[in-house]
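Below you'll find a set of structures to go through.
Two complexes are shown next, each including chain A; its partner changes from chain B in the first to chain C in the second.
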Partner chain A sequence: MTAAGGQAWETLRHDVLVIGAGGAGLRAAVAVSEVGLSVGVVSKSLLGKAHTVMAEGGVAAALGHLDAEDSPDVHFRDTMKSGHFVNSARMAELLTAEAPERVWELERWGAVFDRTPAGQILQRAFGAHSYRRLCHVGDHTGKELLRTLQNRVTQLGVAFYPEVIVTRLFRDDSGMAGALAYRRVDGRFVLLRAPAIVLATGGWGRVYAVTSNSWESTGDGTALAFAAGADLMDMEMVQFHPTGMVWPPGVRGLLVTEGVRGEGGILLNAQGRRFMADYDPKRMELSSRDVVARAIYQEVQAGRGTPHGGARLDITARGAAFISRKLPSMRAQFLALADVDITREAMEVAPTCHYMMGGVRVDPDTCATRVPGLFAAGEVAAGLHGANRLGGNSLADLLVFGKRAGDAAARFAAASVHLPVVAASEIEEEVARVLAPLRQPLGPSPYGLHSALQEVMTRCGGIVRSGPGLQNGLQQVLEMQERAARLAAPGGTLYNPGWNLALELDAMLLLGEAILRSALERTESRGAHYRTDFPEEDAAWGKQNVVITRDRGGSPSLRTVPVAAVTPQQQRVLAPLTQDVTGRAPS
Partner chain B sequence: MGSDVLFQVMRYDPRRDVEPYWAEYPVAVDDGDTVLMGLMRIREDIDGSLAFRASCRSGICGSDGMVINGRSRLACKTQVAAVVSDRGRVVLEPLRNLRYVKDLVVDQTPFWQKFRRVEPYLMPEEPRSAAERPMVLPQAEFDRLSKASDCIFCEICYSECPINGVDRGFLGPQALIKAFRFEFDPRDDGAAARYAPLSNVEGAWRCRTTFNCTDSCPKGIPITEGIQRLKRKLVGELLSGMQPAYRTPMPVESPEETSS
Partner chain C sequence: MMERSAVPGKERVLYVYRGDDYQGEEVAYRVPVVPGMVVLDALHFIQAHEAPDLAVRWNCKAAHCGSCSGEINGEPRLFCKTRLDAYGSLDIHVHPLRTFPIIRDLVSDVSWNYERAEELVPGFRPAEPPPFHLQQWEVDRVEEFHRCIECFLCQDVCHVLREHGLFGQYWGPQLMVRIAELEMHPMDTASRTDLLHSAAGVGLCNVTHCCTDVCPEGIEITHDAIIPLKERVADQHYDPIAAWLRRLRRPQPTSP
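Moving on, here comes the complex of A and B:
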């Protein structure tokens, strides 16, 4: 125990520190542990509760169990096309090549995926995948994936620290030095010393008012990385899932899995027209997410929406037995939360903020950030998905790049000879910053400021954007950042959610700003990023990523960098797409 | 639409309060609102420091177990309208059989220690090489395991189990159903390793089949049945001479010493 300004902290030491216990974090921890190094995993929640547990539809891996024509190459093509070619071809190549082995490995660790009649892993169709490719467990794939990794880290004896929240990363001359965190259950501070750190903190859907994300998704890790000197990339690329629940208000935003459309559900407007025929007659409901989301948005804008502002999603034609078997959680979710029996009635759905394609910029092979010793994997990292993520590619991402980040961090830690040091003054400064909201007698409420941010982001940085709207949103977010310095969270340090939110808001306000600035910069429409003042894709922008660097004063500074070049081999794989290089759906 | 419902919440911050007390909050409730939604409104509009766990708000993460009008349930899956009728209000207390941390939050350390004690992971008969393709698993085998692995670690069974209430050492329904999940996996060969923690006066034998766990499980897992099948398997191992009778209880650390 060491003391700072009357506050004590405890010190823990590991070779590698993993921040986040979702799929990416746990997979990284397995990799580190398997090579015999000491790894500590921290998480804001308890084991097995991370956002990954909510994933439903499946994990994409070209096993070819149902469609023998499928292959990693086809999966690669689909991924690049869906990303509108601003994604990293190298990451897409690694993902598609390694996903099958990562899935099989889960079965060796105890997972049970749904089976074909022959007893092999069953695969389902999913939007914009050329073949039936998603390995799944009913509609609770994320849960089975997380459980399997949870059991595996338990078996390996990985040190796990639940409800421990990191607020700052420390560097020293040769790499990372550690992280400062506090324990939610007693408010005590912990210094986690490690020469290598893997960030696996997930997304930040909670900057928007309507989101499918869990309440943990506040983007802390992205802000931590930025403060430590890492670059952010593609921040304007925010995926809105076309089908979120609409009613009642308490469940607004909760996901209706794409699996419903994969299994044959159709979309109807208030007039009963199957409107996808007007937007993508070839792929219909299984078109890519951005196309379906904007189609529903446009139907509602045109006055053809349902009473609560959505569309109808109807799967009743498939029959009760089929629905109960293939989509049991969906059926239960609608019965319990909305009193709707989806085997007899259509669901009411509307777009919901679902996934962040952007995030921390990393090296494709090692997930290393610009900061030596700092790695990032999973939703927190950018590059793989480009302008639009394919369904099922995120779970595959967690496994493939979680392992790669863990391997690379382990190599870094094993090679590092220094004992990381953190100056006591740095810790004291951070402790004082973290405790400030508790000591503020009067000031804005974190809850009020959070909903104000969500409202502005939804209105100005949402599914349909424009220059003036983005500019206006940015002004408001900058003002909020000033107000945030005076946030007051009464109560003590013991399990105080208002205080927790006040600290999370720092991250959300920074990321809100980053989204709006990047969206202003990209003067075109591409994938998930749609601007009414630049409604077309612009070939020149198709070769650029927007990158944000922290300048000397600590403020975000934007620049564009060329999209990583495609190798001749990758070019050959992509050749069948050359007639349609824009990646847009044929119309 | 918009009617006020009284939420009566047990509050306790051991650093500030002498003892637990009831706080009452009138909450505006919409049709279809869950108890969790009501708690969110209290936190946002009245007292931002009110402590409860919650994350996915859709019954998947299992964080928001609490005692609602006398029974342990998930706040996100409990409609206000469905519980308010019996007492005219919503009465909220922390889960039972675990130490209080604050308000509706309990210390889960013993629960997780017990989970770890049953060695909850697949111990394959022979280590599979990385190159080996996955096994073929028939649908029927799959269905049986799938239900047991539906568990969301919500602790509701642990809170409702009368044996957990009187015997701190009892592994509890959750750890036992996890053991069942692996003991009955055709790929598993961990029976010898799990015999000691399971065949024990604090293990499977302690279950008195009150069915509280099965009745309260938000995932509908037939936990009691699973535990009885475990017992039968353990008897088989005992009679076949594979294992010795087990009498000495395993030592149990108190949560104070081990909370981390």
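Moving on, here comes the complex of A and C:
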């Protein structure tokens, strides 16, 4: 295990290291490889298993195939409005302008999408998109996207390291030096040397008890970036997807695609009332995710929920043939796991933690963090989605900003003249820290602490929040951080999930704290962030983002920064919205 | 809704393989049953309460990712999709994929499959740059292959690999699905017939359907992927008149 005579770790060298093999990481790797630099990708899972496979509905790109009135400008307006204007207008502009090209590029690499009768890519309606915009293939678009990128990196000969867990980043003031990681399949340590690193590690939905996220979504990359000196932003903005499965217990939280509503599914309460009429009569089920999630939550709180505490989602009116063709995975999922045939009965659904709008603060054009040589793209990065993410924008985000981060990291690596040295003592110190849980004979179980964290975050930092609740939650999380130092994980270094969880808890406890602190700071309700003690939007808060910096002692320190200014051109594009708000003619 | 599920509150014993490729044994664990419980839920319970170091792969828990493959009572299955109540009062024995080397407990080394994918050339070569004009029926024809979740259950059950160990001569059904996906893409212009005839070894498949039977995505691997690929190889390599005509017209296509 550790140094007994020789070095206890293997050293590998690349121009760019990508951490994470979901859509953003693989798209970044393609960008680096295409300019002829050496790129290594590490992933906690096997290739092609990342959480991107769970994205079902589609990728948002204003191709205008069904609605000729659609354009990147309208997509930009929808994205800003849905983000409640605390998002980065520049990121939204880049996303909406570049998404079409990124989608066609996937076709060139072998992806297939459903078609219109005219033979173009078919687009489906989705919540809070003004037009039919989501390019899709059935209800497994994320898998199609990930598989296409997987095939592309395989063809390009990108070095891939599966089941490798990064625990620490090394740097100096000029750039990155590398990352220390261990391989699950043999329990050995590896030092991955690179002057530029792209973080594409996704979200941290596992801090909540009910989530659509896989075991991987523990926010390791966010915590690594924070420890290396990067800022976090918008951490209070947590998206609860309106429709997760609720029954049976084992599948609670599992995603039910928004495509069900996009294809005509309606929401009913236990009394059979189509309750969205009471919350958003104009957009009904296709209102934005924050509104629909809160509506279901409030119906259940008011005693109008289903027996297992949810709402009914009914698409039976569309008929069995249509449902089987457009929503095959959903149909199979409900049949196999819940004994429900969705072509004949309603589904039972309730909100589930789905996505983190907040994350590592980045430069909109290059995805560069404050740390030289460190870039972040996809869910791990903040800014694009603001207070609420539009469905379909995350897949577009992965492609557009994955490429941008890869391009920028490649430029950085090509321009870097020296690779900072990593002292052996630093590595030995980290190895000792990582191995500590294996050597504690007695101590709390990581599984128990994880459930405790999930319970506190769900109760205190969930879909509806209040000052006292957040304060109480924060106190408990801080106590848990102390307990986490003594976690015990019996067993060895070879594929040991308890040990792995003990290490991931460091990240989850930090991010739990960051969510609660940021939520306390924002004394208003906006998008996904809803406080019963401040139930209204506050115009002053609409101009601020909450940013967390690591202070000298390593603790999180909060400040607010002004939302990036909107350019005159962006202002012109947004103008129809302001008219809408002031009661004049909408666009 | 869930009335056929196992009786809540009852306990169930799972016999789980613990060990590696060289030695190991089944260990019995008692698990309290909840409605709709799947084998993966039971394994998670065991991890949280009895064996924190029990190794098992999983990701999506919804049969979309193909991570939690293994063998339950000798049958290749996804742990996330296999319900305890499907076994009635039968004992439940949980093992890793046996065709590949066992790393630890329920985790097997499936890297061989990814290495073959790296050798798959040529890749997709479209006739023209996008945007493509395609009809839905053309998409539907290949969409089936795109449903593959790379769980490798078909590789696990394929007796060319499992019984005969011909890893050096046949790539197995999962890679045949991948090649079929490329070969039948309406815009693709490349040919992989030589690859199929040589390294990928489609001729070794003797069409026993075992792979199709275990596919959790219901892909008709044998009929829709392997047999058409065999036909392409036969046309290219075993039709004497066609071969003679081809030789007259142009030189034989060479390997990539």
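Observations, loosely collected:
Heads up, the rule we're going with is that the second predicted complex is superposed on the first by the 570 of 587 C-alpha atoms of A that agree within 3 Å, B and C clash if a C-alpha of one lies under 4 Å from a C-alpha of the other, contacts with A are read in each partner's own complex, and residues count from 1 in each chain.
Everything that follows uses one rule, which is that contacts are C-beta pairs under 8 Å (C-beta built on N, C-alpha and C of every residue); 3 or more make two chains touch, one makes a residue touch a chain.
Please read these numbers as outputs of a predicted model, since none were measured by experiment.
Overlap between chain B and chain C is detected when the two structures are superposed via chain A.
In the superposed pair of complexes, A:Ile121 makes contact with chain B and with chain C alike. Of the two partner chains placed around the shared chain by superposition, neither chain B nor chain C is touched by A:Ala382. By the document's definition of touching, of the two partners only chain B reaches A:Tyr161; chain C does not. In the superposed pair of complexes, A:Val340 makes contact with chain C only, with no contact to chain B.
Common to the chain B and chain C interfaces on chain A are residues 45-49, 51, 53-54, 104-105, 107-110, 112, 114-115, 117-121, 137-138, 140, 143-144, 147, 151, 154-155, 185, 214-216, 247-251, 254, 329, 332-333, 336-339, 445-447, 451, 489-492, 494-499. Residues of chain C touching chain A in their complex: 1-2, 4-5, 34-38, 40-41, 47-49, 52-67, 81, 83, 103-105, 107, 109-111, 114, 117-118, 120-121, 123-124, 126, 129-136, 138-139, 142-143, 146-147, 149-150, 181-182, 185. Considering their complex, residues 45-49, 51, 53-54, 101, 104-105, 107-110, 112, 114-115, 117-121, 137-138, 140, 143-144, 147, 151-152, 154-155, 161, 185, 214-216, 247-251, 254, 329, 332-333, 336-339, 445-447, 451, 489-492, 494-499, 501 of chain A touch chain B. Within the complex formed with chain A, the chain B residues making contact are 13-16, 30-34, 36-37, 40, 43-45, 48-63, 77, 101-103, 105, 107-108, 112, 115-116, 119-122, 124, 128, 130, 132-139, 142, 145-146, 149-150, 152-153, 182, 185, 187, 259-260. Those residues of chain A that touch chain C in the shared complex are 45-51, 53-54, 104-105, 107-110, 112-115, 117-122, 137-138, 140, 143-144, 147, 151, 154-155, 157, 160, 162, 185, 214-216, 247-251, 254-255, 329, 332-333, 336-340, 348, 445-448, 451, 489-492, 494-499.
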